[in-house]
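I have placed the structure first, in the form of structure tokens, so that the comments after it can refer back to it.
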Amino acid sequence: ADQAADAARTASAAEMVDTASFKKEGPLKVGVSAGYLANSWVVFALQHMRWEASLHPEVQDLIVTDASFNPAKQVSDIEDLLRQDIDLLIYWPVDDASVEDVLKRAVEAGVPTVQAGGGFSVSEGTVANAYISQYKLGEMVARQLMEDIGGKGKIVAMLPIAGTTAAVEQLDALEAVLAEFPEVELLSVEYGDWNRAKAKQITENLLQRFPSITGVYSPAGQMSLGMAEAFDEAGRSAEVTFSPGDEYNGWLKWVAANGQGGAVTFPTRAGQVALQVGLEILKGNPVPRGTAVPSEYVASADIGSLVSPDAPDDWWASDLPDAFLPQQ
Amino acid sequence: MFRMRWRMVEHNAIWLLLGSGALAAAMFVPAFRDPENLANVMRQAAVLGVLAIGQTFVITAGMIDLSIGQIAGLVVVLSSAMINGDTAMTLPVVVLMLCVGAGIGLVNGILLNTLRLHPLILTLGMMSVIQGAIFTYTDRSIGRTSELLTTLANGSFLGIPLSAIAVALLVGAGHLALTRTRFGYHLVAAGGSPESARRAGISLSRIRLAVFVISGVTAALAGLLLAGRLGTGYPLAGNGLELDAIVAVVLGGTALSGGRGSVIRSIGGVLLLACISNLLNLLEVSAYLQMFIKGLIVILAILINQPRKGEA
Amino acid sequence: MTGSRIAGALSELRLDRHAVFLVLIAIYLAALTVSPAFADPAYLFNIIRQVTPVGIAAIGVTLVMVLGGVDLSIGAVISLTAVLCASVMGGDAANLPLAVGAACAAGLLVGLANGVLIAFSRVSPFILTLGMGVAVMGLTQLYTGGTAKGIVSPGFREFFNFRLAGSVPVLTLALLVLVCVGLAIEKTTVFGRRLFLIGSNRRTAVLSGLPVRAVTVAAYMLSGLFGALAGIALLARSGVSGTSAGQGLEFQVLAAVVLGGTTFEGGRGGIAGTLAGVFVLVIAFNLVNIGGLPYHMQLVFMGLIIILASALYGRLSERNG
Amino acid sequence: MPLIEVSNLSKRYSGVAALRDVTFSAESGEIHAIIGANGAGKSTLMNLLSGVTQPSGGTISLDGKAVRFSSPQAAQAAGIATVYQEFSLVPQLSVARNIFLGREPRSRFGLLDRARLAADTRDLLERYSIALDPAQEVGSLSVAEQQMVEIARALTYASRVLILDEPTAVLSLTEQENLFSIMRRLRDSGLLILFVSHRLEEVRRISDRMTVFRDGRNMDTRPTPGMTIADVVQLMIGRTQSVPPAPHLVPPDAERYTIDYATGQGVQRIDIRRGEILGIAGLVGAGRTTFARALAGNPVPGASVVAQVNGAALALGTPQEAIRSGIVYLTEDRKRDGIFAGLDLVANTTASALSDLAWRGIRNRRTERVRSRAMLERLQLVAASLDLPIGKLSGGNQQKVVLARALLTRPQLLICDEPTRGVDVGAKAEIYDLLCGIAAEGAAILVISSETEELLALSHRILTMHNRRFVAEMPVDQANENDILLAASGGTPAKEFS
């Protein structure tokens, strides 16, 4: 993908989808097929969904399955959900392409599908998306980084699990931005699997390999944090500028303490939006193919409103009411 | 007399478990007995079923193959990349993939014969190597499988899933091979007592080669089915499948120490696992609890299927 | 002629016991030619610190493998104990003893379960601990609900990553201390000797009146305990970052132990070799990285190392009868 | 022309010369015995003849033509069939599948012909009057029955030569007789039978000629008629057989162990006094080992022991407890559960007494070394170094180390199960001396042995077991080989047991 592709996507997202055929009366049974749940971001997104469901009395049941990163299991999970006569399927994929077929079968069976929180997906199997553009987010992060390092220098990129939509689009966005900054050299692209310890170890090796690193492109706060520790422990924090991360609480704490980096949000309320879109579909109202949940840039100076110093690192800034916050 | 009867019970424990479990499930969870749901269960079990057939051969021969999950994963990625939605490519690619599976199996077998390693260690190492190779090749989903494979994996004929029919045919072939051919007899003997088999003129190294080639080919077949299910080449698709296959085989009463095994009972094990997973989903048991339960099932399975005294 | 004499002389050296040290020297020299940084002690201590969690876990797993067992649940134990420790700590240094205690207790408990099941049955420890790993993983997720709870208390990470005399991180030192503890257990205690005896021949051990079951349970508990310490070390290295921080580490641990000359059959090897194995592994990984090879090539290397090291030691010990 | 001719045959195993320049020949239509002490190289020669291993030098010819058997199949194809000393059956398979393993009959479509397999097996068993069920799993057969399966298998392809490596060791009297008549029938039909045995009496009875081996060399081949046992022993070991010292007198007031052995067939009581050596005779599978293990804290279901010394019950729940109660068992199968193969002599010797030699769980290496060296010296162990792995020692020396391990725990009741199995003649005599010495110092000793002469020479009293029960008891001066064998085979016992 590049800028043009992203623009095309935005256009395609704005297209309205006719949902009359999905119209249904309550009580409603909503199936949620999680590609994975062992990740605090999706836990928060799911809690948003639950919160939203509690606001709609017609939603009688919310059935959640977890494929634990196994796409074949996700296919099976969705099949099992369909067997339980759900009226709406919300999902986030382990891997977009892998679930395309089964989703198509769902739609053919009259069950509308809404993709929550992942990348925007156009396929017969996905009626609508509540999406965060990883590309836009990546672009915002990259541009902010370019600004902060003054448009020249040597940078490294830390991306999540190789092969995921997030990793792919963040890299595409970075490369698109870098095309405008010929004086910036991309030293290395690494995959830290959203794992702080792994990101730290990789960074320790990067520090060994490269005597000078001007900037770090890392849209995921939890990996940024591991990287920051590595720079700090190598005594090289002074030379480097961090890109914004997301609103991962541990990262926010670091931003607050160090006064740099900031955050480009990756809002967990995408889950809530997904259910809202789904309920619209069930009412038969036309919905846009993609409802973007916009990311915002929060500068380090303004981070105070976002950070919760008493919450764990593995926590997300959100508007969830207390009753729906994950147990701490 | 008593011993004989106990042997009968032991041999058919998996059917008792599966039968009583399925019956109870059908009675108390109406969604379970829905024919479409049962067809789903079979569809979901197909990949594991194919793997379990190969692993039955391996384990009966007294060995183990931990690399099958990654072989399947490799085939998912390679076949999708090469077919890339072009149905005409299906046949050549399928043949090629079977060769890839056989080739890796052959490498396993040759290394085992020349390095004289414990198969557990060899295939553990292999698993890591193949996984690294897959990732080095691609770190993201690539390509598309063909319509043909998708149909095979998800379609049905007269309400019976095509993949289940395919597995049934394979099971038949596997069962015949293991119980009605010289090769099967020799394999069982080699697993039961390698030294005795060697003295009876059975070439252990040839059995090892054959068994790992079978394992590799079934892994490749499983990979093709999996590709059909996923529709695309996802690099992590094979992760963890080896453990599931071993558990299914062990549940089916095949002794990890070798010399006893039945393809049909292994399929019983696969069906049991698939039913449990389906039920847990139907009962909305949280995925975490499912994971915990799965671990317990692994533990229980091997506790139940301990080697008898003197066979360890 | 000279070939056989050399082979003879080599076998006199008990190559099977010391091969890993030769490998370590060789790979270190290779590393030196690739990057002079390997001559810098500060850098060396730093890369050792990278593998501290793996190294600590490997100590316990070595004990279990000397006994003829294996512990593949160690990755799950590391994840569980890291999260548990952080969660009990709750951001307050005063809770530290309690947190460490809780983590160790959890590790011991998993070890106890492994040990009892293995000591009182005849199951394959390989599959059993693999299953236990899945179960513990599930437990961890159940406990956390998917978000890693807990806050590391201030100063915790800073303390462990502080460099004594400007070059030796406390964490590295902790690894070395624990290795010494492990070595002491292995070399000087009756328990350590019994591990070798049981690993060498379990049946003989039973007949000779050794408390085989108790030793087995104790060994797995120690493995759990070192796993817990490894979890704490992981936490000290970089806070809580998720609920599955230790996932996959068991394979690195296994690679290090096997590389160090402790075999799956048991009765041979030891912690000194394991430490060398850990070093070889980390240097190899660093070389992959410095060489600019893709990160995932590490997996390929790890696999090859497991295969080749096992084959080599098998050959050597065969020759030594 | 001799059927088999072997010249200058030698075989080395990583440094050990198992056979050196052996030259010998055998004719068709004879039963040719091969005898020699343990480790003399008999099995090695048989393995070479049957293609299991290949020679390091020399030639084998069959019918005057030099042959080289690269595998057991090559030898089988040439009509040489072998019954090995170690079992070569697959326990999980049926009798029929074992007998035709590797040569299963096939029907059309390449599938196996299971009906013919069963029928062929039944025919074969009937022809040689072997009473076995073709469908039964071999693992559930008794040792003797398994041996008959082995023999039946060999009979299916023995067209020229039948090699029997110690076939009778596990057979009962009637089975032995049946085997001998089969052997005679085969000989008369023109087969050459090579027959390896340690039982000289038996050899004298059945063989036509014998070849004696010593230290991997062929000492001589002679016609059997006319040879006395003394002649043979002289050839075998270069001197006449060593006899254990005459048993010392047991003090009449010595402490007495009463042992109640409970099996599915009721409880039997036996007793033994300190200082006494009590022999237990019986055929293989009679249940002696099971009794001994139960006594040493290692019972199997259906065999349990309650023991008392002077009326006080002993704790025998586990081997550990038994050892603490002073009862130690020395295994009959050293390799399986007697030695710690990869470990050195100190580790092997101190294993049972580790905690006694340590201080609060911390080992004292010096004490360990000193004590094990002292004990091994007392047992006259000749080893280059204490740091040698035990696997490198000879069988006799291994046995001494195992004995040393037991003695370090200061046992009061020592159970030796086949203490001289796989031990050469010289070491045998030393072991007899040692056992007598230990008994004289006041320990009770139970000796289980399948060599009746050994029991007759060593013990004060001999018990005989048959079918898991004690069936006879004889003071050594009233015992003889015949009575013991009779009782062991289930004949009229000399003295009924309670």
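Letters A, B, C and D mark the chains in the order given here, with residues in each chain numbered from 1 onward.
Simple rule for what comes next: a residue touches a chain if its C-beta (ideal position, glycine included) is under 8 Å from a C-beta of that chain, and two chains touch if they have at least 3 such contacts.
Since this is a predicted model, take the numbers as computed values, not measurements.
Among the pairs B-D and A-C, the greater number of C-beta contacts is found at A-C. Spacing of chain C relative to chain D, judged by their CA centroids, is 44 angstrom.
Separating the centre of chain A from that of chain B, both taken as means of CA atoms, is a distance of 35 Å. Contacts with at least two other chains are made by no residue of chain D. In chain A, the residues that touch at least two other chains are 37, 162, 191. In chain B, the residues touching two or more other chains are 135, 139, 286-288, 290-291.
Applying the touch criterion to all chain pairs gives A-B, A-C, B-C, B-D, C-D. Across the complex, chain A meets chain C through its residues 37-40, 42-44, 162, 188, 190-191, 194-197, 200-202, 204-205, 208-209, 222, 225-226, 229, 233-234, 250, 310-315, 326-328.
Looking at the complex, you find that chain D touches chain C at residues 14, 296-298, 318-320, 322-324, 328-329, 331, 336-343, 347, 351-352, 354-355, 358, 361-363, 389, 391-392, 405, 409. Touching chain D in their complex are the following residues of chain C: 188-194, 196-197, 200-201, 203-211, 267-268, 317, 320-321. Residues 34, 37, 63-72, 75-77, 79-81, 83-84, 94-98, 100-102, 105, 162-164, 167-168, 191 of chain A touch chain B in their complex.
In the complex of the two chains, the chain C residues touching chain A come out as 35, 37, 43, 46-47, 50, 53, 86-87, 91, 141, 145-152, 157, 161, 169, 234, 237-245, 285-286, 289-290, 292, 295-296.
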